[in-house]
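In order of appearance the chains are A, B, C and D, and numbering begins at 1 in each one.
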Amino acid sequence: MIRVQRGDFDIGAELERLAAGSHQVGGIASFIGLVRDIAPAESGGGSGAASAMTLEHYPGMTEKRLQEIEAEANRRWQLEASLIIHRYGRLEPGDRIVLVATASRHREAALEACAFLIDWLKTEAPFWKLEESAEGARWVEARASDDARKAAWKK
Amino acid sequence: MIRVQRGDFDIGAELERLAAGSHQVGGIASFIGLVRDIAPAESGGGSGAASAMTLEHYPGMTEKRLQEIEAEANRRWQLEASLIIHRYGRLEPGDRIVLVATASRHREAALEACAFLIDWLKTEAPFWKLEESAEGARWVEARASDDARKAAWKK
Amino acid sequence: MKLLYFAWLRQKIGKAEESLEVPAHVKEVGQLLDWLESLGPNYATALKERRAVKVAVNQDYVGLDHPVKAGDEVALFPPVTGG
Amino acid sequence: MKLLYFAWLRQKIGKAEESLEVPAHVKEVGQLLDWLESLGPNYATALKERRAVKVAVNQDYVGLDHPVKAGDEVALFPPVTGG
């Protein structure tokens, strides 16, 4: 299941639901992405001012791509259930951005599919981050390392 | 932090706490192990009767080994926080057995350290599973594939 | 043809979307980008660095040689940064 | 010396722990296992398949050549299956 939403999500409830009704699930792997306050770390101290961000997305295509990514994970691994929730709009440091989770009989499949989902989502799902800082707003640039991680999953 | 306990744990609260107070966390990876009802799958249908299990452990050494495993993960990856909770006693299908979780600035470290923790825990932490089924109780045998996964992490 | 712009492409072009009558000689994505550049300095600036411009036609990622036609939904945006 | 037994080793030996006076010639884990086997058929049965017997001395995994001495806590158990 995939969801694109402005509001927050309840991790405990989401992960609980993933295994509900099936006693065939032996493991649930999940990854939660959070808004990190990059200001202090990358300016070497600085004001320590929180840096919020706004996530823009492409309604319609976002859902389509996330569904395709989820389907690809389910083709590659035997999963009992999978979940992608991605937020958009303005978010502050510490806020949750994304949840990906996979439930499988065996931990290997759950762990690998979870990493796959977040790696692919990073380079495939049409979201763009606008970061606010003391110096103004700037669009986050794509990282070459993300492309490399995605490429490593290619069959 | 590590905890060995008889009772259940609250996944949402545990993961929330892992990032609390630090806005340096960009990602939280977690793995939850559950009691799987193996009866229907491995006996090719069968009665479908639920198979409970009892987890025995070595109090004292369990905590010591889990602390060492957690310390090793923190040596290998830059983590903001980590958590291992492992239950013991009698558990039924669908019950949670174990939670491992890692918080890091970057998702790569969180994902890898999380997989490392559960892989090492499987072969290092002194727990033993006694499975109950219609045919009686039997001690679960260690899987060679678990040793192989652990070995793959060796430096 | 429906055009959508996202992130800094939206800001530089100065609008989020528009409907355009595209000339008949524009048959592929690359030709569409060339033609858009000719519409004004805001387009020219936005599309100058072609490597940084990703294109989706009808919500699928495509390359510069992908065909475009009237009725298509064509989106232009920088490399994605979600997750 | 304090001996602890877990899982099917506990069941086969028939107790979870005991304190034993170990003879002076028993200086290593391997010698300890040999000597335990001589204590009775329950021990002999439990320790027959040596590959399946893991040993911890003072809560650290050790090999058969690891020294043991009075006062040590020595645990015998099958390969672990937690997680």
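We take it that a contact is a pair of C-beta atoms (placed from the backbone, for glycine too) under 8 Å apart; a residue touches a chain by one contact, two chains touch by 3 or more.
Note that the coordinates shown come from a computational prediction; the quantities given were computed from them, not determined experimentally.
Colleague: List every chain that touches both chain A and chain B.
Modeller: none
Colleague: As a quick test, compute the distance in whole Å between the mean CA positions of chain A and chain D.
Modeller: Taking the mean C-alpha position of each chain, the two centres sit 48 Å apart.
Colleague: Taking each chain's centre as the mean position of its Cα atoms, how many Å separate chain B from chain D?
Modeller: Taking the mean C-alpha position of each chain, the two centres sit 26 Å apart.
Colleague: Indicate the residues of chain B shared as contacts by at least two other chains.
Modeller: 33, 107, 118
Colleague: Can you pull out the residues of chain C that are in contact with at least two other chains?
Modeller: 83
Colleague: Examine which chains touch each other and state the graph shape they make (line, ring, star, complete, other).
Modeller: line
Colleague: So which chains actually touch one another? I want all the pairs, not just one.
Modeller: All chain pairs meeting the touch criterion are A-B, A-C, B-D.
Colleague: Contact residues on chain B for chain D in the complex?
Modeller: Listed in rising order, the residues of chain B that touch chain D are 33, 55-58, 60-61, 64-65, 86, 97-98, 118, 121-130, 139-142.
Colleague: If we count contacts the way the header does, which residues on chain A are in touch with chain B in the complex?
Modeller: Against chain B, the touching part of chain A is residues 10-13, 15-16, 19, 23-37, 41, 50, 93-94, 105, 107-108, 110-111, 114-115, 118, 149.
Colleague: Quick one: in the complex, what on chain C touches chain A?
Modeller: 4, 6-8, 10, 56, 59, 75, 77-83
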